[in-house]
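Same chain, two partners: chain A is paired with chain B first, then with chain C.
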Partner chain A sequence: MSYCDIGYLLVFVPAVLVVYNIAPVKVRRFVLLAFSYVFFWKMSRTLIFWLLFTTVFMYLFGLWLARINSRKREALKSCEKTEKKALKEKYNKKKRRIAVLAAALFIGVLLVLKYSAFAEISFNKFAAAAGSSFSLPVHRFMLPIGISFYSLMAVSYVVDVYRDKIEADGNLLRLSMFISFFPQIMEGPICRYENTAASIYECKRTSYSELAFGYQRMMFGYMKKTVIADRLNLAVLTVFDKNINFDGGIVALGMVLYTVQLYMEFSGTMDVVIGSGQLFGVKMPENFRQPFFSKSISEFWMRWHITLGTWFKDYIFYPLSLSKPLKNLTSAARKRIGNYYGPLMSGAVALFCVWFCNGLWHGAAFSYIFFGMYHFVMILGGNLIEPISKRVLPKLRINANGKIYTCFRIVRTTVLVFIGELFFRANGLRSGLSLFKRMVTDFTLKSFRNGTYLKLRLDNKDYVIAAVGVLAVFIVSLIKEKGINIREAVAARPAAFRWALYYALILFAIIFGAYGEGYAPVPPIYAGF
Partner chain B sequence: MKQAVKNLFRAGMFFTLLIVLLWTAGIILRPKNNTKAAGMTNVSANGILAEPDNSLDVLFLGDSETYNSFIPLNMWEDYGFTSYVCGTGGQPLYDSVNFAERTFKNQSPKLVILETNALFRPCSGTNGIKAEIKELFPALKFHDRWKTLTSADFTLKQEFTQQNYLKGCLFVTTSKAQKQKKDYMHDNRLVSDIVSVNKFYLSRLADVCRKNNAELILVSAPSYKNCSSERHDKIQEMADKYSLAFLDFNYLCDELGISWEKDTKDKGDHLNYFGAVKVTDYLGRWLHEEYELPDHRQDAAYADWNACLKKFKEKVKGKA
Partner chain C sequence: MEELIEILEDIQPEVDYETCEDLIDGHHLDSMKILALVAEIEDAFDVTVPTVEIVPSNFNSAKAIWAMIVRLQEED
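The block that comes next holds the complex of A and B.
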């Protein structure tokens, strides 16, 4: 069952809502937790062990850190002023060790389950290439659904307790509800304890407006996924998986279609997820903010999969940037290459680690690492040329804030994102490079004139419907980009208008959705990461 | 409280109107004929829609084992009763129930024969509910017909014209031998549990048949790949529970002379025409002897059956 499955929308969620709202508040918590585990069990069966394992250890590590904190407070009370600094340092060191141990445990489980086979196969290939006959046995493990998401949540919880940003939770029920909340368990967003744990635990009765707003958002997400993403999937499969020697024009089309598919699928799922959360009074963080209005790659990553980006920023980039060796490097670089490029150099080291991890997080393959490195180079490159473009643009009499230049930057960023997604989707790095080469060296519009584009299992009507869907999403994005809260704006209009809009959306998704007879179910892309 | 009532009324109105809209969309989108060109799915099984009202004596339900194992025209030729195979590939039991309910609207078969392979197919309650919702709202099932809608679709009139002269069965004469010669019934390698959802739909099918004065019979077609004694026992338990007759052809293979080298089209998964003839001969005789089925062969109203038989024989003569 995926979030965009009709069974989730029409059976599972209504069933949870009914039981949840009938039950008294104290029982409601157990209801929500039980349904979350049922949801997880339905997809991962006994692998639920790993979720329970993570939950219990989050709880224990949190309490351990809290105990050290209370000891620290007591010790500080009774110590001399002169000893305070050393005492603080002693306890902080202890806490740091516990936090590192916890992070190593959570990430270790993720690494072993997800990356063992990749590491062993890669090692064996290198060993063979070096002429060694030694080879490691390859271990393949079944992955529990959502492990890449909830492991990061667990790390953020323990590190935030270590940083005294949040208090350790002594309530195992609340912690279990937070980590396993069914709308987020499969594809995120990667929630922070301080943002959602309390509201999940509060278990508010579902209000009429939350019910309406929640389902509206879910329907919009469902439309994105089923009308656009799942329809385009047929063409994407043909271009990337069928080993047909299409010309560069078709490869470029496939690349664009895949990027649209990925965006509609992931952001659509997030609409369903966030809408589902709203039904239970939980405001989950947004994962997308109109990413295709970005003017640079770094801005793009502040608008696309936001919770993953902020996680890497808070738990990898900043700790690395503020570490002693990098601070020393910054000071040294500042002296040699100035105040702009100096910090950039040490920042590049942290940035490299972030993008290496980001690429690897998406999957155990070199193409994902390449994807990460591609974005690292793009972001670093953007930062490096920024002072140059600031000097050059006025000389060329180009208004850096003008509409034309802004449009150029948006288009340029979008094209760079498309290229990154080509490598991301390709079946391996070699295939990605071959497709990219074909796109650049064999680009022609011939396939659009002779109708080859219709051989991608989409007819003209499919393209038109997908375009209408994309246009609807574009209009909504444009309105949101202007800072207008579209749902409140719609809610303020007369009932006849609102209802007509809702009916149009529902019927559009139902009639033009790519599901049922003739369509293979499309597994959620991000659940696979 | 007042606000809550108001909200409840508003939500009720919204969903009522939505249901009306969905239902209307379904009326427009549903196929107006039972042909593939008109957008009908499972065209062979849905050929039953073009059969004259109250003209069928026996209805077959089930998955691919059904349309590969039973030949209605052979039973017609030998005993004169009419039957139709509403078998579809991988037919889940909720679809069998839907086929039965729909058939009873304009047919009154005395016997409904369920081929039992579907009892062991994994099935979730959610899938069952989804199927029920799709039955209620054809727009969900036939939504993709928006591409081929014509002005005729807006007249809303349905007219089913395509009869299937094979009466739902499949005619395959090729064979792919099952070379292993083990006693497959006692090689219990198959999952033999009947999931509760399937039990539920079996009981519903029994209810539907009872309400329509038809007798439900369970029949297991010979299948080297899909049958075992453990499965037989489980089916027998179900048959006893609902007081149903149960006929397992897998224990009659020697008597029928089924050869797993010549009578199967795909290494023992399904029978081919030659295997189906053997099974149908036995089944026809058994039904004729055990149940008082009418003989329509001399009835002018059933002349079309003789025409179909003639066409079928010509096809057989050319291939078999």
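The block that comes next holds the complex of A and C.
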């Protein structure tokens, strides 16, 4: 069962809602937790062990840190003023060791389960290439659903307790509900304890407005998924998975279609997830903020998969770039190469680590590492040339804040994103490079004139329906970009208008959804990560 | 405060730091600029900015940054 299955929308969620709302508040908590475990069990069966393992250790590490914190407070009360600094440092060191141990445990489980086979196969290949007959046995493990998401949530919980940002939770039920909440367990968003744990635990009765807003959001997500992402799936499969030597024009078309599909699938799923959370009174963090209005790759990643980006920023980028060795590097570099490029040097080291991890997080393959490195180079490159473009643009009489130049930047960023996604989707790095080479060296529009584009198992009707869907999403994005809360604006309209709009959305998804014979629905892409 | 505004204007001009309340949320300061800003703040005001302080609420306006600096100076 995935979030975009009819079974989830019409059976699972209504069943949880009914039982949840008729149960008394204290029982409701157990109902929600039980359904979250049922949801997990349905997909991962006995691998639920790993989720329980993570939950218990989050709880224990949190309490351990809390105990040291209370000892630290006691010790500080009774010590001399001159000893305070040394005492603080002593306890902080202890806490740091525990936080590192916890992070190593959660990330260690993820690494072993997800990357063992990749590491062993890669080692064997290198050994063979170096002429050695030595080879490691290859271990393949079954992955529990959502491990890449909930492991990061567990790390953030323990590190935030270590940083005194949150209090350790002594309530195992609340912690279990937070980490396993079924709307988020499979594909995120990567929630922070301080943002969602209390509202999940509160178990408010579902109000009419939350029910209406939640289901509206879910329907919009289903529309994105069934009308656009699923419809484009056969074309994407044909371009990327069939060994057909299409010309560069078709490869470019496949690249664009895949990027649209990925956005509609993932952001659509997030609409379903966030809408589901709203039904239970939980406001989950947004994972997308109109990413295709970004003016640079750096900005794109502040708008796309936001919770993953902020996780990497808070737990890898800043701790690394503000660590002692890198701070020393910053100081030395600032003296030599100035206040702009100086910090950029230590930033580049941290940025490299972030994008290496980001690439690898998406999957155990060299193409994902390449994807990460591609974005590292693009973001670093953008930062390197920024002062130059600031000097050059006025000389060329180009208004950096003008509409034309802003449009140019948006288009340039979008093209760079398309290229990154080509490598992301290709079956391996070699295939990605081959497709990219063909796109650049054999680019022609011939296939659009002679009808080859219709051989991608999409007819003209499919292209038109997908385009109408994309246009609808674009208009909604444009309204949101202008700062208008579209759902509140709709809610303020007369009932006849509202219901006409809701029915139009439902009918659009039912009539033009790409399901049944002749279509292949796209499996939940991010659940695989 | 004036010294802080000067630092900010040096790192990212074209922003009205007296009124701007969304330096992070409005993408005026990205993570690289935050690094430059932290290095400048540590030098100019003799404080250490720990990682836990690098949150949007501390960096969304010049006032918020100044409040953080004053707090860190007092804690030291």
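Here is the rule we go by: the second predicted complex is superposed on the first by the 527 of 529 C-alpha atoms of A that agree within 3 Å, B and C clash if a C-alpha of one lies under 4 Å from a C-alpha of the other, contacts with A are read in each partner's own complex, and residues count from 1 in each chain.
What we mean here is this: a contact is a pair of C-beta atoms (placed from the backbone, for glycine too) under 8 Å apart; a residue touches a chain by one contact, two chains touch by 3 or more.
Just so it is clear, the model here is predicted, and its values are computed rather than measured.
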| item | value |
| --- | --- |
| First (chain B), second (chain C), both or neither touched by A:11 | first |
| Which superposed partner A:299 touches (first chain B, second chain C, both, neither) | second |
| Touched partner set for A:344, first chain B, second chain C, both or neither | second |
| Touching partner for A:510 - first (chain B), second (chain C), both, neither | first |
| Chain B versus chain C as contact partner of A:393, first or second or both or neither | neither |
| Which of chain B and chain C A:87 touches, first, second, both or neither | neither |
| Touched partner set for A:165, first chain B, second chain C, both or neither | second |
| Partner chain(s) touched by A:330 [first = chain B, second = chain C, both, neither] | second |
| Chain B residues touching chain A - in the complex, by the definition given at the top | 4, 7, 11, 14, 17-18, 21-22, 25, 29, 41, 126-127, 129-130, 133, 139-141, 143-144, 146-147 |
| Interface residues, chain C side, partner chain A - complex | 10-11, 14, 27, 30-32, 35-36, 38-40, 49-52, 54 |
| Chain A - residues contacting chain B, complex | 1, 6-7, 10-12, 208, 211, 459, 461, 499, 502-503, 506-507, 510-513, 515-519 |
| Of chain A, residues touching chain C in the complex | 163-165, 298-299, 302, 313-314, 317-319, 321-322, 327, 330-331, 334, 339-340, 342-344, 346-347, 383, 401 |
